[in-house]
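Common to both upcoming complexes is chain A, partnered first by chain B, then by chain C.
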Partner chain A sequence: MAKSDSTNLPTVDRRTFLQVTALAGGGLLVGLSFPDVLAQRGGGPGSGAALLPDIYITIHPDNTFTIIAKNPETGQGVKTALPMIIADELDVDWSQVKVRQADLDPKYGSQIEGGSRAIPSNYQNMRLVGAGGRLLMVSAAAAMWNVPASELTTGSGLVKHAGSGRTATYGSLASRAASVPVPDQAAITAGLKNPKDFKIIGKRTRGVDVKDIVTGRPVFSIDVAPPNMLYAAFEKCSAFRGKVVSANLDEIKKMPGIRHAFIVEPAGQGNNAAVSGVAIVADSWWIANDARRSLKITWDEGAIASQSSVGYTAQAKDLAAKNASAPPPPPPAGGGRGGGGGAAIGDAEAAFKSAAKVIEAEYFFPFLSHAPLEPQNATAHFKDGKLEIWSPSQIPSLQHPAAGAGIAPENVTMHLVRSGGGFGRRLVSDYDTEIGSIARKVTDERAAQGLPSVPVKLLWTREDDMGHDQYRPSGYHFFKAALDGAGKLVAFRDYVPSTQSVVPANEFPRGFCENVWVISTAVTPFDVPTGALRAPPTNGISFVMQGFVDEIAIAAGKDPLQYRIDLLNSPAGGGPTGGFNPARARGVLEAVRDMSTWNRRGQLPKGTGMGVAFQFAHAGYVAYIVEAAVDANKAVKINRVWCAVDIGRQIVNPSQAENLVHGGFVEGMSHIMNWEITIDRGGAVQRNFNQYQPTRMAQVPTDFQVKFLQTDFDPTGLGEPSLPPAVPAITNAIFAANGDRIRTLPIGKLGYRWA
Partner chain B sequence: MTYTITVNRERHTVDVPERMPLLWVLRDTLGLKGTKFGCGIAQCGACTVLIDGRPARSCQVQISAVGARPVLTIESLPQEATHPLQQAWMELDVPQCGYCQAGQIMTASALLTQTPNPTDEQIDTAMNGVVCRCGTYVRIKQAIKQAASGRKG
Partner chain C sequence: MIVRTTVLACALLLSQRAGEPASAAKTLLSHDFSTSPQGWLIAGDTSDVAADFKPAGGNPGGYISHVDEALGETWYFRAPATVLAELAAAQHGALSFDLKQSSTDAGFPDDDVVIVGAAGRLSYRFDRAPGTAWTSFSVPLSASAGWRWNWNQVPTEEQMRQVLAAPTRLDIRGEFRTGDDTGGLDNFQLTSGNRTR
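So, the complex of A and B:
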């Protein structure tokens, strides 16, 4: 099939909503100019240039269709899901479609894989692209047959006229479609399908790269191999942001197979920066990496070398001892969800004094590394002052490799490459900055020797990856809750000594309790790089909040699931904030109760229990019920899992959606049992999977039921919401099984293991 | 040093250091990128290939130790994906990121050769060394069972 390269296409400068371009040979390109894309262009790099059509669909004469996948793919399935939306509205068969990954280009607008935003941000626009293309085909057929467009129908890439029995393929209409009047936005919107007529959206659809994956084709970032490529390994200080003072580069350069060895100076900003280190470049990555064993580097570790997890914990406990009973600082901070701040609603301290029952608990969750299975890497070629880069980033940006190479961003071309997992790690592009710097240095050194430039692949080891992450922040929570004589929650307090942790100012049960104080104090100094892991901030907060809410329900002598519903039914203290819809939360709780054996849990054998938790995260609502058995030796077996999900009225690809729920739960199991990064001498202690064991097959329940509620709300994403409540659902099940309330993670260090 | 190895039924002569692991000979010298690097210490199983029909962590096998034993990688399976495991993987849409799947499929292929109709416990035991960070285990297990039984999805 013809491969189109958008950079070589004829351009049109019609500032129309729909963009149509005829192709030599009879094909047609269709795209939309979205207002947000146009707005982004204003003032940005390249603004004022001729407007390229935003090309999403190529209609080929043989009636096949190439559809652009605009966002990078890290395993959530957007490379399949977004083209599915276009194809359905275009009214072609999925088997007629070939998907092509977009390069990074402003014409596509935001090309980010993160925050479970790909579906909600693009759903409507992708529909409009497809519908616009379909209307063009109808217009072209109407003109050709001289019949009213209203008499025409479409399907499987055909326009049909029932009255005369005529049909025409889109491919045969493509040339004519280039000259028919282009429908405006109102007409396209009016031409959208009724969702009940969707043929592709909502159908289980295999990922477009699955065949390549099961045949071992080179589809991942690590597999990119342009001709004459060299390989780089990069040694950094074990203490974060430590600097090279000196290194035995001359010795390294003399080793067999080594082509280059040099110091990389810091470049770029924040977590996206390349930090100081030594790069070794060879014909083979293994040779480059093996030479690291011969490196002798003098490091300036910097002030962070005095920081440790032990110190952070001691400081948190000290802060809690001093502040956990202090009133909130004035003025009361409303606090944005995800922001700092806190909450000061009512008078929690007064309520504690008059309560029938008060409970307190300390919770803790550790730093986590993302540990995507593909270690960080990127490939780049610096040539004639320009950089071409193949990046696995979730937030691809020209800025970072440009900063590394010391050139302007407009001199960077970026290809987006499938990556072996993101989980938030690749929201940060430090490897792009590093390869920018390394690729330039290699080209410069070769030029000095009269040699042509070559591409270079930078690949980190697992130890590099785990030791130079932006970690999920650790959290310390000192809770206090008050119940009245009927078991009603009347006051709730959470004191958070923060290691850049996000303070759950808007989190349930806020909005359902008259007195809620959430107060935070920073642990300082704190210089560990932290960042977003799948479902921030609730990936840790759900554990503590849904764990402590469970404790409150038990203290009240109530069914923990019904207690949550009762709270959701009784807004108080200003009601819910942060976009939280209690009816949807109640919906997933009731659904998971009804699909499970929750109401018969009293019949479970001794040592077996059921736990429940729900979470509002990234616009989605997810509730789990878990049945777990725990033996006397603390071996945990998860017997059964039920999950109810509300991410709106439309599940674009149910296959991948279900898969992401499985994955969220399995990741939660890793968080619970073994995952913890501790800091010593300013660096990460755990550096590989032997110290950071992920969940394995034998531990995973096969009895795993998932239900999507499909409520009448706009579709939202699922990469993230499935993870957070898995953690407290399991720890609450452990409590139900053996009476041990889990308040600190991971539980492997408490003597637990998987059965 | 020069070594002659048999990979996917073809003989290759490579000139590499004797300590170089088979993984990197496959990937960087022979250009067979299907076998993946995940941890370098035999903890994740992403680099699993078959040596003499048995699953081996190619990151731990030095080139000098391979000898005449036949090596099979994911690329040895039909490129049209007609192997029962490939078919089951496709029908059940197993992968998320997909990075571990070559190691999963090669491990499963050795299992089914040895044990054509494995129990759940036999599958768990055989597959436990191969990590799927995305957590597609439910489907991997289903796919192995489907391939074993010859059922079509």
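So, the complex of A and C:
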């Protein structure tokens, strides 16, 4: 049969790998074209897409440097980390660097914040950009001084010739560098620094926006304020995807300060769609939002109005009862989403019948809202058939605002703006679709009145944000485990009535037990919008799996930490799949044991206990040990935390990496104690922080040790892996302290509170 | 399910490494998915399921695909036993296939081909991702081609031989982006390694 020929794939001309452009006045632009970047563009290989220079470095005549931060910043630190990599290889001082956020542009390839992918996807390319720039400077100096390049060294933005004592700044060499031969990819790769020579990578570096943030300067999306801007508030049905039948728009339009009021029709697709609602546009956001209280809207709530958390739970328990024993595994069926499929390895039922001990447990975790401090918002200006938008999206896309505005994506210009927390909520950009629709309507109405177009800012309230989230799915897990006479795990069963919650195929202890039965049946109807929350899906799965594994270890009469290591040492049932490396999981468990007082936990006072948990998530391995004290009134105090992390051989910014671990743990504390979204009449019950209380500063543990294992693996990200095992490490510590096995979250409903 | 394995006549395998001589090799096995998924599964997302068979839209003809569980782990096309049975003869030969994905905007690196056996784990990463059009990939089953053994070690030919002699699974990555997506596989082929030196 005819096949496409790999030799027809577009290849990058080696001489165009590095892109160099001279600037008027003596500066230089340095960029990169790279097959991976090309592959991530719209057409990918074979599309015939033109190569474009990707400008990352501007070398200024005064020997300062502007470096582009390509990815969205949501607090994870990538706006600092990626330029650090370039600056180090370029061999300039960090103090000489200014960082500028890129707009959304295909020339940068993938520009997303999600999946903890920024470092693994960009580490090597950013190094090549910097090293390419450095080699250009060396070549320019060699030509100018007529000496071999091998006699030259660099540092602090200077090229130095030890033999003659001459030095030249990169800025002074910029014009000459524009005309020297451009190094090819092989030469740049060969010229990469030895990591032991890194001067910026691996050093604690303050975030580039930190000073502006702590001094209140406008750095967030919510701060965007182009001239003549109007403000929009948007009223949506409390039942998800309910539709407007009618509204008292004429009354609203007559209110002081109100410029526009109109019904927004649904636009776009999936969770990125704008849903039906009423937009009110005013001179100030407060006027627009206050006017919502005067709205009289008739809604068509739709069939979802009959759905509730109570109903989902009842159905889950009914499904579990009907499937109390393992039926034959269902025939494999492709394409199932959120509720189908499973795994049947070995013969779990036979193992249960012959087991020395069988334990069962029911676990539950609730829906969660992402609750970023900055509610959803976006600002846009529709003018002359084109839309300019400022968006805090984690996956910025021209498609969504274009769909809202009813124009082609190529007529959209998007500026990426730092967001006040993402946590996965801004992977979905329904607010971009909404503002596209609202901005166009405002411009159209103003044009009809003979008025010029103006920008419009859409800002959701906290209640809008919590009530119209893409929620972390809730999870019901009905476990059963069998042990042999020696306490070895011989069968593992997890029945999952699914509300879009999924269990990864490589989730421990699967791969380390001969007989495994994991299967899911969908709870239906189920129409709650769900999505990714930091570390999906293990942010919930880790709690149930590491909790039940702890129960298994206790039932076996074993040390819970050593029991996990023993399992990891004995692959079974086909062994682990995907990217799960048991040696690395074992490594973080051993490290956290050795750095903590785990082996002396028997000496702890009554009411104090230690819990352990580990998780493989998003290519990273994290293990926690937590020491917690619980008093008779169920007040919990986390005394000490130890954490071991394996995300490969290089931590780019240790300061930010520690922050991500601390933040993941503290967010996990919120998951445990108070966070829960319940559904009633097809909508969210909890709508603000008084009903959804995050962890407070006074509750955060102050004795918190973090160790990064430097293993010989490629660097990976840390935004997500730090969260999931924090939850079961704490709940396992509570069990160790008072004997109460936590199987349902949040524990605030069980009478617990932070001390 | 119809599993059709085609053993084709000798073909000429051009070595994938510059500087190596062209060698005579035969096609050991070819799956073109013209009428069925030919026993391939999807693994590594949230559960093991059969691949979706698409009778048209392949390169050409039929192909297999999978719709990603957006919240699951990286998923792979998993080869049937008929493929595993031919791997031993494919050492020094090549493994080739065509891939496409529904979107290319949020890519991430991961192992692209994984072969696991009692003797260890072999993995390979290509330097590019598939596009939205069919993209061909080929890698020699030789230690010098850039394979990794047991995650991050450089394999010896003997280690390659031991894994290929008794493989328990062969996985080809189908997911290349963060978020939901659809991936397709066509024209899987193994060629023998009767290299002339």
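Criterion: the second predicted complex is superposed on the first by the 712 of 755 C-alpha atoms of A that agree within 3 Å, B and C clash if a C-alpha of one lies under 4 Å from a C-alpha of the other, contacts with A are read in each partner's own complex, and residues count from 1 in each chain.
As a working rule, a residue touches a chain if its C-beta (ideal position, glycine included) is under 8 Å from a C-beta of that chain, and two chains touch if they have at least 3 such contacts.
As the structure is a computational prediction, the values presented were derived from the model and not from experiment.
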Looking at the overlay, does A:A532 come into contact with chain B only (first), chain C only (second), both, or neither? second
Where does A:Q546 make contact in the superposed view: on chain B (first), on chain C (second), on both, or on neither? neither
Quick check for you: in the superposed arrangement, does A:V700 touch first (chain B), second (chain C), both or neither? first
Taking the superposition on A as described, I'd like to know which of chain B and chain C A:A343 touches: first, second, both or neither. second
Contact-wise, after the overlay, does A:R117 reach chain B, chain C, both or neither (first, second, both, neither)? second
Common interface positions of chain A, toward chain B and toward chain C: none
So in the complex, the part of chain A that touches chain B is made up of which residues? 74-77, 204-207, 209-211, 213-220, 222-223, 225, 231, 256-257, 283-287, 290, 371-375, 418-423, 459, 461-463, 655-656, 659-660, 662-667, 688-690, 694-698, 700, 702, 704
Quick one: in the complex, what on chain B touches chain A? 16-17, 19-21, 24, 27-29, 31-41, 43-44, 46, 73-75, 77-81, 85-86, 89-91, 93-102, 105, 120, 123-125, 127-141
Chain A-facing residues of chain C, complex: 32, 41-53, 59-61, 65-67, 69-74, 76, 98, 101, 104-111, 116, 127-138, 151-152, 168-169, 171, 177-179, 187
Within their complex, state which residues of chain A touch chain C. 1-6, 9, 35-36, 39-47, 109-110, 112, 114-115, 117, 120-121, 332-338, 340-343, 395, 397, 427, 473, 500, 502-506, 518, 520, 532, 536-537, 574-575, 577-579, 581, 583, 619, 712-714
